[in-house]
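One chain, chain A, links the two complexes that follow: it is found with chain B in the first and with chain C in the second.
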Partner chain A sequence: MKYTYVIKRILYSLFVFAVVITLNFFIPRIGVDDPAERYYPPQGNMSEIEYEIIKQVTRQQYGFHVSTGQQYMNYLKGLFQGDLGTSFRPGSPAVIDLILERLPWTLVLSVSTMLIGVTIGILFGVLAAVKRGRWQDTMLLNASTIMVALPAFFIALILSFYLGFELEIFPAYTDSTMVSGFTWTWEGIRRVAQNAALPVLSMVVGSIISYAQGTRNAVIAVTNEDFVLTARAKGLKQSTIRYKHILRNSMLPIVTSLGMSISGLIGGQVVIEQVFNWNGMGTLFLEANNSNDYPLMMGIMLLLSGFTIFAILVTDLVYVLLDPRVTVGDKR
Partner chain B sequence: MEPILKLRNLKVVFPTNYGVIRAVESVDLDIGDRECVALVGESGCGKSVTSQSVMRLIESPPALTQVDAIEFNGRDIKDYTPKQMQELRGKEMSMIFQDAMTSLNPVMTVGNQIDEMYMRHQGDSKKEAREKTVKALELIGLPEPRTRANSFPHQLSGGMRQRVLLAMAFACMPKLIIADEPTTALDVTIQAQVLKTLRGMQRGCGTSLLLVTHDLSVVASIADTVYVMYSGKIVEKAPVKDLFNSPQHPYTVGLMAAVPRLTDKKKTFTQIPGTVPHPARKPSGCYFHPRCEYATDKCRKEMPPLMGQGGGREVRCYYPLTAGGNM
Partner chain C sequence: MAKRLMLLILVSIIIIPLVGCESPGHSYRPDENTLYVGTVQTSFPSAYMPWLSREGIAPTIAGMLYDSLFVYDEDSGNYLPAIGREWYYVDEDGEPILTEDGSIDYARLEEIYGDPEQEFLAVKVIIHDTITWSDGEPLTVEDIYYSFDIATNNQLSNHAGALAWTSDLRHKYTNGVLTQQGLFTYDHGAARQGYEIPMEDKDTVIYLHVNKVLGSVTPLFTSVLILPEHVWKPVVTRESQLNSTSPNEEILYHYSHPVGSGRWVLDAEESGSQQIILHRRKDYHRTKEDGSPLIGIDTIKYVLYQEINVAIYALLKGHIDVLSSSVSSNYLRLFENEDDLFVSNAPGQFTQTLVFNLNPVSSERNPMRDLLQNRDFRKAMALAINQEELIARVLDGAGLPASAGLMSASLEEFYNPAADSLPADYSTRIEEANAILDSIVPEKDGDGYRLLGDQRISFQILGSPGEQDVISFLQIQLQKIGIEVKYAAKGTQPESTYLYTSRFDMTLHGVTFSLSNVDIMYPAHFQTLGRTSNYGRLVNEELNNGIHEMRFTLDLNTKYDLIKRIQPMIAEEYYKVPLYTPNVISVARTDRFEGFRVVEGATVMNTESLENLRKTKGGR
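On to the complex of A and B.
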């Protein structure tokens, strides 16, 4: 029963991914007959003939000279070989290389934010639920009210100004030599950590509080369930009830939100990266957007959606391990 | 008969934003050795709160509980520490809940949930506990107990789940079992089977039983003594036969008249006029007077005391009904 479910989920994910690939290919081609026109709009005082020549060359270079169907097949073929296309940037770099160059730097921020956010958030959430109605709980409630009103980029600006410019504890923005001069030495890692401190800090506060709030609510909801009363009536110790009965059941909604945020790991934070001049995926996407670099945008979109589908699949499969009820639909 | 449980003057109050809810008001309860006592009443009359108070499961806050004595098996447990209560619960008194689906942990196998009882109270290892669990499930009439023990609650039928709860409650052969609406969530045929098992187990194990229910047919088939509760107070107490033969409180009479019978010629249900008073706004005098056809000025002003009627009967009414009619 379990295997049918797993296979079903995998097949379903593959189907969704195929749809995404197709949409990702066709949407930029809607409306304009000649993609070259869309990708290279006429510039300045270009003559008709000059523009025609440029379009011809562009079509040749990027494979638009064949029919759309043929292009689609070529695109798919490229995907299977790990080729996401060629960027419009000078020198025509491969999209996949551009992405791989930026991805690690985005992961530095997102993974550390998530790890800190999840660990501290869940601990706080459990604490607030256990001390329900007391000052720890009230503090969490107030903090989340404030956080809802404070967007991360605002915190980023404040941190950058005070901890960066005024107190000079951390770099207010990333200096460009961090990436180019990076080496796998303690010194290199220390520099990255230093530069990452403020961006991570400005995102992690919200992350901690949202996980804490989610955990608190989940734990309290489970605490009011009938089976907790049963566990108490059985004379079980408080600790047994808390860990064996309440926490495991409260983890179910938390795993879901965890899965959702895993999908956000590689997307990067457009705004935060801008504030701190951090060269990650968010900045790359912004650059691609501003320069009409469609192959690059398509490449990033495809990677993001593919990873999201993957993250949801993993979440669903982890759920099977945690919650025996999940397979019930396939029992027949 | 030396009582196993002697509850004296139990009061439970819930302070809420829209007034103080007096869920239980001065309830006395006696349960004899091997006796089955039924606590009957409508939803919200305080019967579940009373039963959970006996095991001291009502948490305060939010509730405020006051009690003169909870004498259980010769000891007063009202001042027991939470730790002492934990030792007692499950081992000497245990509970069966109404909805077995929600009363069992959905992510633990039922076997593991029963194992917990033996591991906690008899110091058994996991393996010893499982052997006892399988025996208990077999005793309770669950087919293929060893495989069933590895099932999760959602994989069992409603009747099987209820049997699992029974096996759990009887696991450590407690002196007292409190069954809170044990058959309400089941369909009628399964109800009868589960009740039969419950009664058989109770007699076989020499356990006393406090049965909380609103179902008079369940009461008739299993109880020895019946307490009728209305709006937080006991209104009538009687041996089961006497209660059914000659109910004395107008509320009890109304309850019995409301049970539909196959021989009924009329096409509508008989019901008690009016509704249960809101627990935060109870009427003056006797709580039942707005719905009582015999109410007098005295009933409107003064709450009648529980008055002994002889033969172990007590009734909270100035004008108890006799077999022949009123007064």
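On to the complex of A and C.
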């Protein structure tokens, strides 16, 4: 039964990915008569004849001169060969190279944020649930309310100005040589950590509170279950009840939330990266958008959606491990 | 054991990212001969082939690494020397067409080239004989020939922009084969064409054949950054073009390791997506009159900021010397009480206008838009717009009123005051506007807005979120004459979505007209229909004739007169109504360098500043 479930989930994910690939190809072409106009937007100082010549050259250059169907087939062929196309940037770099150049830097921020957020968030959440109604719990609830009202952009700017520029505890923005001068030495890693401190701090506060809130609610829900009462009646140790029975059974919603966060790992945080000059995927997407570089936008979107589909698949499979009752298409 | 392990992991997770977190503890401007320049961008380019540089800071850097033949001086209308030393229109024998005082003899030019049989204008360019590329090779006219030649040969350049720059050059390729030669050097057929070039001038003289328009030399002289033939010719082929979508290793290397003839050379090893380092070329061919270098600083380091507030704070805290990006007038108050700051509030060059869709395609016509076809109706709206108030409210006073003829009043010789014929007093203007509208649409609703039939007269103004301020004030001003306007977001592709398809009532559009661009810009803004900046599709026979005559006259004085005559025609159409000309506000620190200059239309990081910067006495 479980194997059938796993195969069904994989096939379903592949189908969704195929749909995503198709949409990813066609959506940027909607609303634009000629894709060459995206590459070379019309400029006031060109005559119609000159602009027509320019578009013809551009169409030829980027393969827009063939029919849309043929372009789609070429796109698919390229994808199967691991080719996401070439960017409109000077020098026409491969989209995949641009993504691979930025991805590690985004992962530094997002993985650090996630690890710290999940670990401390779960601890705080359990603490708030255990101390329900006391000051620890009240503080968490109040912090959640405040965080909902504060955009990440605002927190980032405040942290950059006060902890970076005014108090000089952390670098206010990324050192311009961090990426180009990076080496796999203790000093290199230390510099990355130094520069990552404020961006991670900006994101981690919200992350901790979000996980803590989720954990608190899940733990409180499970604590009221009958089997917990039974465990208590059996005279089990408090720590055994808390960690073995309550926490394990509270994991399902946390895993869902974690799965969603994993899918966001590679997308980057556009605003945070912008405030701190962090050279990651978020700013790459912004650059692509600002310069109408839609092969690059398509590449990033494809990677993001592929990763999201993968993360959801993994989450679903982990569900089965955590809760053997989970199946798909079960008509019982 | 498990608990201890968990605790260790937890502590590690928290400690590891924070272990290096401490204050940078170093000076942000360590080198005293380096000018640290902040720039607000999303990323710096990795390729510096100047023809490929279209966005962000790339064109600025390209202009520092490479030179064009000449630089256009907007004030005088002259071409100042760069690679080129001098130039002339010449007769069939290659002799300069000059008056006795050495200026262009336009009467003779007209006499020689006025004949319709004569298909082109011949131009002679003499370049400096002391120029070298940054790799030490001498720069000759063969580099000029190569640059213009490859620009016209799309099979090798694959560069759309280059085709546009050279469209007036009568040097044409068809399918990679030269079908019309319009460039002549000693080694490329000058003698055969009848142009005698002495052997000793073979590296410095080139002849060009261009279309019979005085403005046709402008893009050739000022837009085409000259490329080194010895670098590109060996690597560029039909398979591996100058602007290649799959460049080979050699081409990629040259993209990132530029060899130019400009004042600066790129430090390719230290530059990247977050910083650009330029060193001054000590062997640059042009110097000050006393023979000293044009530029007083040795190195410029451009530092990338992606967020303007962070960049401004970095400047205030002394992390950088200059902010090369312009800032909004909102920040002026922030700079007021700061020491060691130089704030440049330079007059701008572009004028923000309100454009009416006065001639939509038939499928986009409606009764409201039909009102805009009425010139008197447009005049009433123009009368209700108070530029002074917009400047005070929207720009915090950092701007100037613009002429209705859309030519900057600072270009004294070419600006025609007759274009500004509307009364100056605002209450008189409102009275006049209401009188006009009372004769066209006299009925009003309960809120005082005019009615067309039983419908309130209401228009949408396309704009970006940043333009909502100005549209709000227009709303208030136009309310005084009973016309309602509302903001409508124009999105990221307004040309394709709204402007070229006539799907708009009004829009905001920045225009810059100068002597160097009127040949191209007047037709684009007022003449050509479809896919140009003539969004509202104005058709005016008299204006068209004026523009045509202005473009094709071979007498510069006549051309200037015609430019003056065209301005009132533009103004009286009330088609692109000026709102204001915003100042360019920028800021620099003076604790290490002083001598920053305010230049019209430019930020404080301009060529004049660079030529005047010197270390501050007693500065750090």
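Just so it is clear, the second predicted complex is superposed on the first by the 323 of 332 C-alpha atoms of A that agree within 3 Å, B and C clash if a C-alpha of one lies under 4 Å from a C-alpha of the other, contacts with A are read in each partner's own complex, and residues count from 1 in each chain.
Heads up, the rule we're going with is that contacts are C-beta pairs under 8 Å (C-beta built on N, C-alpha and C of every residue); 3 or more make two chains touch, one makes a residue touch a chain.
The structure presented is a predicted model; accordingly, all values stated were derived computationally and were not measured.
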### Task
Have a look at chain B and chain C on chain A after the superposition and call it: clash or fit.
fit
### Query
Once the two structures are placed together by chain A, how many degrees is the angle at chain A between chain B and chain C, based on Cα centres and rounded to a multiple of 10?
150
### Query
Regarding the shared-chain residue A:Arg190, is it in contact with chain B (first), chain C (second), both, or neither?
second
### Task
Kindly classify A:Thr22 by the partners it touches after superposition: chain B alone (first), chain C alone (second), both, or neither?
neither
### Task
Report for A:His245: first if it touches chain B alone, second if chain C alone, otherwise both or neither.
first
### Message
Touch test for A:Asp226: chain B only (first), chain C only (second), both, or neither?
### Response
first
### Task
Applying the touch criterion given at the start, work out whether A:Thr68 contacts chain B, chain C, both or neither, answering first, second, both or neither.
neither
### Which of chain B and chain C A:Thr86 touches, first, second, both or neither
second
### Partner chain(s) touched by A:Thr145 [first = chain B, second = chain C, both, neither]
neither
### Task
Considering only the touch criterion stated at the top, classify A:Leu236 as touching first (chain B), second (chain C), both, or neither.
first
### Message
Just to be sure I read the superposition right, which of the two partners does A:Asp323 touch: chain B = first, chain C = second, or both, or neither?
### Response
first
### Query
With both complexes placed on chain A, how many Å separate the closest C-alpha atoms of chain B and chain C?
21
### Task
Mind sorting out which residues of chain A both chain B and chain C touch, each in its own complex?
none
### Task
Spell out the residues on chain C that touch chain A in their complex, using ranges where they run on.
9-10, 13-14, 16-24, 42-43, 45-47, 49, 52-55, 58, 154, 158-161, 163-164, 167, 243-247, 252, 255-256, 270, 272-275, 303-307, 309-310, 313-314, 317, 492-493, 495-497, 500, 517, 520-521, 523-525, 528, 530-533
### Query
What residues of chain A sit close enough to touch chain B in their complex?
225-227, 229-238, 240, 244-245, 248-249, 322-325, 328
### Task
Using the touch rule from the top, collect the residues of chain A that touch chain C in their complex.
31-33, 37, 40-42, 44-48, 50-51, 53-55, 57-58, 61-62, 86, 89-93, 112, 115-116, 119-120, 123, 157, 160-161, 165, 168-180, 189-194, 196-197, 200, 273-277, 279, 283-284, 286-287, 289-291
#### Entry: Of chain B, residues touching chain A in the complex
55, 57, 82, 85-91, 94-95, 97, 99, 102-108, 116-117, 120-121, 152, 154-155, 165, 168
